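Input: structures, listed below.
After this come two complexes, each holding chain A, first together with chain B and then together with chain C.
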Partner chain A sequence: MAKSSSVSKFKQDNKTAYLLLAPIVILLTIFVVVPFFYALVVSFYDWSFYQESKFVGFRNYYLVLTDDLFLESVWTGLKFALMVVPSMLVLSFLFASVVKNLSPRFSGFVKTSVYIPTIISGIVASVIFVFIYDYTAGLANYILGWFGVEPIAWLADVRTALPSIAVPAVWLGFGLTSLIMLSGLHDIPESYYEAAELEGAGTWAKMRHITIPLMRNVILYLLVTGFTAQISQFELSLVMTNGGPLSETVTPNLYILNHFRNDVMVGNSIAASLLLFVVLGSISAIIFRVLNSEKAIDG
Partner chain B sequence: MNTLTRTQKSIITTISAAVTLVALFPLLWVAIAGFKERSEVLATPFRFFPKRWLVQNYTDILGDWTFVQSMLVTFGGAVLFAALSLAVNASAAYVFARLDFKFKGLMWVYVITTMFVPGMAILLTSFIVVNKMGMLDTLAVLVLPGVASAGHMFFIRQFYLNIPLALEEAALIDGAGRARIFTSVFLPMSFPVFVIVGIGSYLAFWNSFVWPTMTITNPHLFQIMQYLYTFRSERSTEMGMLMAGSALSALPTVILFLIFQRHIISGIKISGLK
Partner chain C sequence: MQKQKGKKLKSLTVMSSALLTLSLAATACGGSNGGGNASPSASDTGSAPASASASASPSASAPASESAAPAEKVTVDFWAQKFEDTTDAWFKKYVDAYNKSQNNVQIKLTIVPGDAWDQKMKAAQAAGKAPEIRTINYGNIANAAKTGQIQALDGLMDPTAFDDLYDNVKAFVSVGGKYYAYPKLVEPSAVMYYRKDLFEAAGLDPEKPPTTWAELLEDAKKLTKKGVFGLSIAQNAPDLGWSSWGLQYNAAGHLALTDDWSKADINNDGYKALYKFYQDAYQSGAMPKQQLAGYADIKGFGEGKVAIQICGSWAMGQLRNSYKDIVGKVGIAPMASIDGDQTKPTATLGGWTLAVDGKAKHPQEAAGFIQYLLAGDPAIMIDFFKTAQFSKFSPRKSVDEAMKSDPDASKDQWRALIAEKIIPYAKGEPLYPWDVALAVSTGIESAMKGTSVDKAIAKAEKDVNDFIAKNKLAGTNPQA
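Our next item is the complex of A and B:
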């Protein structure tokens, strides 16, 4: 660290440092480190609340990886993320491009308003959207009625259940994503666009050759964080469908949570959650590799 | 931008207004549905506004002491949680940003690594730990486990690293101790970062749902999201009250956000990504 040279002109402050660090270290040890190693250990045992545990090696991992329901839930999580993340990124990119040109006064109002859904809890969002999807009295079928379309049982139909849950996920995430996009857009020097205009570049050319390349890192960041967040989503499906119809909306974390609540043996679900952690890490790594393969252009 | 024509400007304004309306619509709708008569909430055909505006659902839910109590308890818990989280994470952030001490690198790795532990993986074993510590059904079980956060610590540390060294060197030469400098130089300058981290902690606490349902069975300590979830499964016919309760549960958060919105929105910077 470059700064340590000027700091080390002064003596070491072991006592103050340890005193101020003690709370964070103690709390993290009790509530993160111990439970984590405990989970690692339990994942190798046939462990339960009610009986002696028995060492079973990798059996829990084997059981999870051969459990169709778990594999299906990972697939559901992936589908869900593929529905939510790209649509959210495209929408918020377009929206941010529009807001960028607003007068500062109005854009302040718009930014504040679109951010509000971000602070709403998954539970409240679920309650609201279950009403929107209500078969007889919901807004969704009412709008379909304008076009003469028959009402749909949004959350009970295997074909529409997962996309229906994806909509509130987009609603919850749209505000923050847009504001991050917007701040990225503001970081692009206006002179680049002016120069391109002098060369006769149109809107599309400017977007393709200036905006998108310079937004690359922002988009990459939003893609990776969005993917991991959406694959981990479970509150919406827990409240809106409880995983149904069939197990169409059981995301990986809902699978794990259901097993915690219903099983006597928990080694399985802990093994599943550790595996999921590895899966998520790999997905982020792959996305990073793919998108980062060309060197990002510096702004 | 001055290159836009008048038509372009009005199109842009219209689009923005429409998106804003769509984003706010679900919340407005739930609040307005709370004013409907009991039979009207799920009546066909769909109507946005009530036939008659009634405050019945709101007075009913506010007359339910468990609801009011869970709002108050959750609010108190969230404020305490945010305050403790700032205290714990900011002091660690200061130490890592400025102090030199034995095993600094080791401590840094130890703290930062916890950032990568997924919550779901330790959900059950955390439950076992708090159970063994006899913390179930106490305020402590809601507040303590999440207080220390490597992510928040890291965020505050980045802010402290940008504070010029010159500001504290004068105080150091005057013989002020490191702890004194933290409280007299750093804390007064921390407002912008504290708003963001504090609201983040507050929100996480207010919106938390799974952990309270696992650890709290005593109705006096019920958390607001836990209350709404239970209400929905146990009193599913009282839709109007559920709507009113949901709208009210979002109210403190929205007010808090509106008070600090300028700081929060200007805090959303991605400059660290480059």
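Our next item is the complex of A and C:
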């Protein structure tokens, strides 16, 4: 009696599990799996909406891979991510460390205000920063004017354009990163620090030997999502520079969007998207490799 | 007790997840069905209930039985790109008038912002929900016709409508001997706007604007003062891509490809002079290092920060509508020419047309509306040119003829100057792919930013030739 009931319960559990999994599996199938394989198929065709599609084999991939601009755009995306992600991590780590020690009421206020940029859309942020970088009337050049510095062509100069776009990206991502960092910091048991203090460890030693190692998983998560998000960034350069000066700020997604908008056939943009998928996948894999994820010693 | 609680909880989750699945599936279906009508709210023209119910069910008949609209009334979607507010209002006004004037066709106007146009159109085309009537500019007609995105209007419209067009404009809208779009307007891409008062202050004759590139650069330098730049002209590749076509004709006598599109034709003295002109202009310090606004926007000039601005004829409308206080101090002239010969082209004629989608279900009805709006009563078009402050020009002889008797139009001197001194010499826009234009203009921008002219041209030439080879462009010129 007892046995049979436990067996039926086991089955019952399975059913429930499948049922609970169903929504996400169905959604993933509709919105991820099917489109992905469809894209894979279409990438081998000269695809247009008004004529018969023509099978062209790897031609679309060949066109993308031999296009200097595509390789350049991947490099631009990498440079951009290298500017944005580390500075964002360092800044938010410092910020979170400060906020952790604030009184609960005040820290609530600070957390809310630092989160505000996160809910601002990238387009709005771009427009705000376009005003800031305006050549004659922008805030940035106005402040430089106090020190008698000549106005800088922030968005038109080959040297300053990409860093200028990186600033709003940091600003936009800072809030969320800080909050994740903060929750990571709160997860580290106080007893570790107390023990270390008894052993005579200073602030620096505590950070090096306790905080940073225990934050490894949080940092890994932020690195992977940060790199993926920043390399795929395109609305900032779309609005602020339209990829210029020259092609200095054409990120991979902007390259794809430009082809999608201008090309008569769509195959090229799809091949480029799939190649970008490969690029992003490899970068995430490399990060995982380097920063081996481990379970924290203390759950 | 605990067990029971657990069970209850479980069945609750099961139920809720089942519900969730169901609702998600339902919304997913709804989404794909309603995709074409993604944003009808943007510009429903007032007759909301009737048009909504009619548009939702041209093929599926279930909801139609509920609607009171007469069954045979056809709804035709019309997407217009967003232009000046006055243009949007003009579209709305005459769509309403047309809908009221007859009982067979309901035109449903949607105004789509320019930067969303391509994505929205591509998505609609992929879903088979493209609007039956759309705006399209001259440069895109040939490609759209070749790929079947738009269909020929011969046979759908009254043939005499096309006889009314100026000959050069006829060429802009025809591909392979057929007309694929009906033009609404032409506008030259380059006109020189200058501040007469600043000319005087700098010791220059305000009645003698520069006529050669050398004079233009010289005057620009003299006009540059603290807070005022002498010259503003396109300075980044996307803007240069189209705004330099007129000057390419001016300097070289042709555009960037040979007639059969087999190779680039830019490694010559004409193009070198053009690259040099832009390079000198940018590096002289008379131009802002970062553009104050895009080429198509005369904001910097309007705000008094620029003494000479090159911009399209449309800027007349912007000046008269938004910067009324400086209009009295503004002079206009044809853009300076390489050697001072003002009968050489300095501008291309851009402009907009309406076309019927290649898969339109009601081509006859769609073309009927185009006939009414653009090719019918000249008064409709005159109303448009008036609201645009005569900054755009008619492709139709009969409209120009009727405009002669219009008091406002006939006494407008700016209009007269552009109509007499710029448009007759202006050329059509090239039909080759935008990538070619962009490669040439990226070369110009790199010359402005310090690359030597020879290097910049060599790079652009290589890029264009690579593009031709990869995309098998040779021999595909639809007008060769």
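The rule we apply is simple: the second predicted complex is superposed on the first by the 252 of 299 C-alpha atoms of A that agree within 3 Å, B and C clash if a C-alpha of one lies under 4 Å from a C-alpha of the other, contacts with A are read in each partner's own complex, and residues count from 1 in each chain.
In the analysis below, a residue touches a chain if its C-beta (ideal position, glycine included) is under 8 Å from a C-beta of that chain, and two chains touch if they have at least 3 such contacts.
Bear in mind that the values here come from a model prediction, so they are computed numbers and not experimental data.
Legend: residue contacts after superposition of the two complexes on their common chain; A:116 is shown touching chain B, with no touch to chain C.
Between chain B and chain C, B touches the greater number of residues of chain A.
Contacts of A:30 after superposition on the shared chain: both chain B and chain C are touched. Once the two complexes are laid over each other on the shared chain, residue contacts for A:58 go to neither chain B nor chain C. Using the contact criterion defined above for the overlaid structures, shared-chain residue A:136 touches chain B and also reaches chain C. In the superposed model, A:75 makes contact with neither chain B nor chain C.
When both complexes are overlaid on chain A, the residue A:260 reaches chain B and chain C alike. Contacts of A:270 after superposition: chain B is touched, whereas chain C is not reached.
Contacts of A:20 after superposition on the shared chain: both chain B and chain C are touched. The intersection of chain A residues touching chain B with those touching chain C, taken from the two complexes, comprises 16, 19-20, 23, 27, 30, 134, 136, 257, 260, 266. On the chain B side of its complex with chain A, the touching residues are 1, 3-4, 8-9, 12-13, 15-17, 19-20, 23-24, 26-27, 29-30, 33, 41-46, 87-89, 91-92, 94-95, 98-102, 104, 107, 110-111, 114, 117-118, 120-126, 128-129, 144-148, 150, 153, 161, 165, 172, 177-179, 182, 203, 206-207, 209-210, 225, 228-229, 232, 239, 242-243, 246, 249-250, 253-254, 257-258, 261, 264-265, 268-271, 273-274. Note for the complex: chain C touches chain A at residues 10, 13-14, 17-18, 20-21, 24-25, 28, 118-119, 122, 125-126, 128, 130, 143, 147-149, 227, 235-238, 288-292, 300, 305, 358-359, 433-435, 442, 445-446, 449, 470. Residue ranges of chain A in contact with chain B, taken from their complex: 3-4, 6-8, 10, 12-14, 16-21, 23-25, 27-28, 30-36, 38-39, 42, 95, 98-99, 101-102, 106-107, 109-117, 119-125, 127-129, 131-132, 134, 136-139, 141-142, 145, 171, 174-176, 179-180, 183-184, 187, 197, 217-218, 221, 232, 235, 239, 253, 256-257, 260, 266, 269-270, 273-274, 276-277, 280, 298-299.
Residues of chain A that touch chain C in their complex: 16, 19-20, 22-23, 26-27, 30, 48-51, 63, 66, 133-136, 151-158, 242-247, 257, 260-262, 264, 266.
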